[in-house]
Amino acid sequence: MGESVTLTWTDWQAVAVPLALAIGAVAVLLVDAFWRSATAQLRHTVVTLLTGAVILFGLVFVWAQRDDFKPAFCRPAVEGPAECSLVFEPMTAGLWAVLLIGGLGVVGLSAYRLLASDIPVGEYHFLLLSALSGATVLAGARDLATVVIGLEVVSLPSFAMVALRRDRRGSEGALKAFLVSVLSTAVMLFGISYLYGVTGSLYLTTIANRLAGLDPDLERVAFAAGLFVIVGFAFKIAAVPFHAWLPDTYVGAPVEVTAFLAVVSKSAGVAGLLVLVTTGIAPNGSDLRTVVAVLAAVTMTVGNLAALRQVEAVRLLAWSSIGQVGFLLAPLAVGDAQAVVGYLAAYVVVTLGAFGSVAVVQRHRPGGLLTDYRGMVRSEPGLAVALIFFLVVLAGLPPGLAGLFTKFAAFQAVIDAHLGWLAIVMAINVMIGLAVYLRWVAELFRLPADDPFSVDIESPAVAMISLCAATAAVLSVLPSTMFALAT
Amino acid sequence: MIATAWRVLGVGFSLLVVLTAGLLAGAEPGRSSFLNSSIDGLTLGFAVRTDDLTVLLLAVVGVVATCVQVYSLGYLHERPASYHALVALFTAAMVTVVVADSLFLLLIGWEVMGACSYLLIGHYWERRDARSGAVKAFLMTRLGDVGFLFGIFVLGVGAGTFRISELDPAELSSGVLTTGTLLLLVGVVGKSAQVPLQTWLPDAMPGPSPVSALIHAATMVAAGVFLIARLYDLFAASATTLTVLAIVASVTMLFAALCAMAAVEVKRVLAWSTVSQLAIMFAGLSLGTSDGRHAALFHLVTHAAFKGLLFLCAGVLLHQIGSAAFVVLRRYTRRGRLRKALPVTFATMTVGLAALAGVPGFAGFFSKDTVVEAAWHHAQDGSGLGWVVLVSVCLTAALTAFYCLRLWLWVFFRTPALAGGIGAFEDDDPMADLDEPDTSKLRDAPWVMLSPLVLLAIASVVLGYADGVHLNWVVGLVTTVLVLLGALPAYSLWSRGADPRPVVLEREFGVDPLYHRLFAVPARWLARLTVAGDRDVIGAYVRATGRTGTLVSQGFRRMQTGNVQTYLTAAVVGVVAIAVLAGVIGS
Amino acid sequence: MPLILPLLLAVLLFCIGVYGVLARRNAITLLMSFELMLNAVNLNLVAFDAWRLDGLATGQTLAVFVITLAAAEIGLGLAIVLLLFRGHGHVDADAARDLVEQDATEQRKGAAT
Amino acid sequence: MNAILLGILALPLLAALALWALPAAIGDRLAALYGSVVSGLVLAGSLILWPWNDGWFAYTPDERALRAATDVPWIPALGVRFHVAVDSISMPLIVLTALLVFLCCLYSLRITPRIGRTRSLIALLLVIEAGVIGTFSAMDLVLFFLCFEIVLIPMWLVIDIWGDEHDPAGRKRAATTFVLMTVLGSALMLLGFLLVYRQAGTFDIVRLTNAPVLGGHGIPLAAAILIAVGLAVKVPLWPLHIWLPDAHAKAPTVGSVLLAGVLLKLGTYGMIRILLPVLPDATVTIAPYLAGFSTVAIIAGSLACLAQTDVKRLIAYSSVGHMGFIGLGISTLSPAGLRGALFANIAHGIITGLLFFLAGAIKDRHDTSDLRAIGRALYARLPRIGALLTFACLASLGLPGLAGFWGEMLVLLGAYDPSDLLPRTTYLVLMVIAGLGTVLTAAYFLRLVRNLCQGDPAEHPATAFAVDLSRIELITWAPLVALTVLLGVWPGLLLHQWGNL
């Protein structure tokens, strides 16, 4: 019988951010629910500011503690180092920063006049903050129970957000995401149960230690269990072949929510998988890593190929995000946290920007076809240049150096791990990915357009897109900032 | 205005060359090098030298070029600016070859000449035969030049220098020497139109006649002879090369003379005669003796005079009548008009033909005899090569006399037997259905054209005595007899009005079609094959990649059915698949 | 009781759950199938806990978590199903196909109009 | 000094950004003038920077030859530094780039593609210039890769937007093929760089040159192959050349000029700068194959030219052959061959630039580049352009006395006497084949002159708008003609640069 777990000041510090987000979530809900007298604009603005403030607090907190190592909810282990449920360390800081920046971006995209008017503001922000809270927990989790809880706290609000508009499309999208996710949770839990069975612990470090000295008979069981856990996350991040729900859900949800799914939800999944792979179930040299590498190769290839002929902007982004996840999985498969976090950072920023731009266009042209963007470089030069920049970053070509260097880091990680075949697949996918994005860029440049897109863009959108572009530009010039997120 | 400037420049430049030759005559040999850069111990750069050979060639080039430039003032009316500029450039290139002491400088002149000849032969680019002749000239000489370049590599790398004056046969291994000189010989064969690269020269005849004169007399083809004379130490040190050269020369001189016997156009006869005469020079050089070299150079000089003269004469015919085909000329001759209307041309051409045929007293007689004599001496020294050369030169002398006389008689004289008929050339008369030509306006060319003729005609006689007359009477007698032996059949055939031309000779041994079939046709096929390969093999892969991408993409779109249970099924199947795959990896 | 029996039962339950998810069309049935799967997990956890004599009772604790989680999921699931029913008038999971990509030609037509 | 280098790197980029910031309404002429001034400044800067006689730093002690170096850490996490410097390997290419861009801008003062949008075109040209100069001065593998890629999207846009206006689908396809093949190649090249990094622990070219990755098999060989393939796409070496004819044929005149004159050199420069010094042993292993493919490129390119019916395609294919010579020169690993390759780089840039200018002029005047549609007897209709075309063709076929000769001659000399580590007999065979390739080269250029310039003018009457050489054309082409002659008669001008090679 171990000693009882007592909460210390360090524990509180480590969970401060998730806690603050959760409290913020409740506060937002309360404000929206009980302050009915204010005008919609005022209420919306206050809610936005409140949400933003909470997330900003989290960011500042992360920034202040970025170099610290703060384990929380620890107890001395039977063997080996202390077992902790949640750890704040530099990698966590990097992941939290990415998640929070993503959340902040989504809040910005959901500012007044941007968010569809039929979405209840309070619930929306409540769900957003809840999911963020879960995401941060997931990124810091060091035991499987916390992982499961964190994952669910991210997922369930996301589905609610997809369906928040309460229309046919939203409900269908939510249903698809929900069903696939629940199946994945069940599979993952099934795997966890076996993992627990063979190792007798849920703490990742302990599992890692015990896996090393496992009875060979049980090794197969442990491997299968680990596989199930990874497959659970593969659903979450929509790795092929567990991706099919993603395009439909992305198209069905409001664009802001899609941005949320693509940025926060997906990052959370990657963060969780990263934690699992690096600290727990897939130690260096494990066959599970090979499985992840295979998943990476298949995911990026299928994602990019499917994106090749899409004619709708959101669907193209959906498929391309699958491709991007493939690229993320590649350094993940070799346990290179730095490359993963860096990639995630660039991905989050430009995906936000891209969805922001798409949201602007979609609000005025609901069709959402790529042809709607024709000639925009002349009619809406600012927006077009920003969008082109985002796309080029996603493709990983100059001037989008942020994307180039994150891909570079991914290549480097893979090469250092002697996965030559994966590197070749990645190289081919760089080409396919470029083909995907160039089609869109070409539309933007095509002149003359019959009916060019030209509107008065809402100022919050301008601010958000400019911010994303500026951040991406800074990351391009100083790519080391991205990689400094997790050192 | 511009044309006038270029005319002045052209004539002036040629005169300058003559003047330079005059100034350099008797001066101390000198050398200097410039613009050098060194690569890996090899110096790559330019160098010039002046010595007797240089001066001799400069004089020849200068005089012929001056004659051609002056003659062209009257001859050429279309696009004179580019013409005169190119002739000047042509001359300059030859001068470069002559003064070069660096193999690369020599190569520059060598190939610029090729380019100039291409451009000048194609001067009448409206004409199909001029176009193809020009291309052919350039390509065949270029083919030889590749060998020439490789020869430079072999010798230069072997000797560690590209300076001609520093190439010492004693320091070169015999393998390098033989390979290098043989490769150089390839270039020479191409440039001087020897067998097997002989076909371009006759086809180059559509060019303006003065250009032909320049090419055949002083530049281009003479460069080959000059080159061997310049590198004579090297060539003489390699017995293999000399043997090859002798065989090439012997075959060429007979081949070309035979072709000339059946040609039915003045310029074509002359072109073949050039090939044949050059072969005589090469034969002299192939002896490997200083006598032989001297004989060859002597023949080069006299040949420059009479061949230049002959081509300029042919130019007059072309200029005044519009054609140099036998059949056209016969239309005038059968009325006896040609000789009377063009007295100066007739006279000078007679001199030229006599010199070419080796009629005693004319320059060609002496120079050819020197070659024969050198060969004779060499043969007496016990050289088989000498005998080969001797026999072939003697035979060629007879054949030369035949075609010269044939040309002279058929062009200028009525045939009593034909009683005013055109004769044996009627078959290929392009104007057979035309009316009789109006001969009344036919008159000799203006004096600006005739004066070079006269000058060269004088040279064609005088030059024979320039070297001092040391005639070997036996040799002289033998060659004279041979000339007579050659001339008699020509006369008797003419007087009977017959001109039997064996088909094989008329087709020039079928070499040209053979080359066409051997090289041009396969090249065209290969070209089509390459294009098709790019399009249907390499390009097909690229296109197929793109199409596969599109198809796969469409496939993925199809798989996106919208049915969530399909997705779930796919996912479960995916789990199983990954489990199986992992099992495979794990085991 | 040997460990193998509850494990076999759990596998059986899980497989029935998977079958239900794949074979049934009614969304409610699907939710029930998920319940089955999660309960299989619970069974596993408790069985392993008992087998291992885990002093921390980790397995049981996680089982409680899973029960809570399942409740939350079903709650949200039912809400979504209700929404689906409101929008579509039925609760067939495989009949909700609005979001499937239209055929390219149709889309072009749509863009033209 | 390093300020100048940084200046000529930054100036075009900033100027391009500034140009885009200007309103779209500014006149085409003004934009072109702006571009001319900027690129003129870059040209001036590059001329000031030209180091005389210092040679390649790989062959000089103490890195004396490296000039204008700037070396600051950039991304420490990845081991990437911002390290730029020039030596006499890169400097002539930089000057060539600056010159060609300058001439293109100057040309655009009067003659622009019919599609218009000159402002953007000029800006893209400036971006390309910055990228190319960056590639030529990068001393860090990652920076090299980066600059290598900078060029892609602008060039893609240039072809996609301003390309052949009669064939929108074709130009789109050409642009996409170009960009995708190059991106795949450069991604593979990046893999090679990363392998080098894994072996040597640095991306710095200077350090790698001083302490190369030795060993001719295993990882160094894999790295060398990957790098060579990546660069070969750009060169382009047969059979990776398939993007080239379309891209050149469909691109606008200035695009073709830059594509052929400058962009192709990135590949060969990379081979000389990276492959040889960094992976010396592995390069020896792959050199014979490289030489073989180069020779095939010479022959295949020339043969393909013989069957072309489009003047721009023909010139494009001729680049395949010429670049094959350069590849052969590099693969001899001998001083003569390398210098030949370097010289031919410059000469090809000048001559093919001129040829594409001429082809563009002919195309503009006839609204097609199809030889059959243009008709013959250009000498009669456009005598000056015809004469210039003939001149350029003669230069391009390697006529001694013009710039095209020396490079190819030195390449053949290098093949005659290759590095001692290489199989000489193989190279002798390749030399002979390449020599025959020069004859084929002559054949297709003469065929071009014959089919285009010569012919009976009566059959091909002049079109009404056919204006012979305009003043702006004269001004832009004159430097190229002059350089062709100057380098032809004085090759030492450049050869001196590589003194200690």
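Order of writing sets the chain letters: A, B, C and D. Residues in each chain are counted from 1.
We adopt the following convention: a contact is a pair of C-beta atoms (placed from the backbone, for glycine too) under 8 Å apart; a residue touches a chain by one contact, two chains touch by 3 or more.
No experiment lies behind these values; they were computed from the predicted model shown.
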| item | value |
| --- | --- |
| A-B compared against A-C, more contacting pairs | A-C |
| Geometric centre: closest chain by C-alpha means | D |
| Separation of chain A from chain B, taking each centre as the mean of its C-alpha atoms, in whole Å | 78 |
| Chain A-chain C separation of Cα centroids, rounded to whole Å | 23 |
| Separation of chain B from chain D, taking each centre as the mean of its C-alpha atoms, in whole Å | 37 |
| Chain A and chain D: spacing of chain centres that average the CA atoms, whole Å | 43 |
| Per-residue multi-chain contacts in chain B, two or more chains | 557, 560, 562, 564, 566, 568, 572 |
| For chain D, residues contacting two or more additional chains | 181 |
| Residues of chain A touching at least two other chains | 175-176, 179, 183, 187, 247-248, 309-310, 435 |
| Contacting chain pairs - touch in the sense defined above | A-B, A-C, A-D, B-C, B-D |
| Parts of chain A lying in touch with chain D, wherever the complex brings them together | 338, 342, 378, 381, 385, 392, 397-399, 401, 404-405, 408-409, 411-412, 415-416, 420, 423-424, 426-428, 430-431, 434-435, 438, 441-442, 445, 447, 479-480, 483-484, 487 |
| For the chain C and chain B complex, residues of the former touching the latter | 18, 21-22, 25, 93-94, 96-101 |
| Parts of chain A lying in touch with chain C, wherever the complex brings them together | 1-2, 144-145, 148-149, 152, 156, 159-160, 163, 166-176, 178-179, 182-183, 185-187, 189-190, 192-194, 196-197, 200-202, 247-249, 251-252, 309-312, 315, 367, 369, 371 |
| Footprint of chain B on chain A - complex, ascending | 175-176, 179-180, 183-184, 187, 220, 223-224, 227-228, 231, 235, 240-242, 244-245, 247-248, 287-288, 290-291, 294-295, 302, 305-310, 432, 435 |
| Of all residues in chain B, those that touch chain A in their complex | 549-550, 552-554, 556-557, 559-560, 562, 564, 566-568, 570-575, 577-579, 581-582, 585-586 |
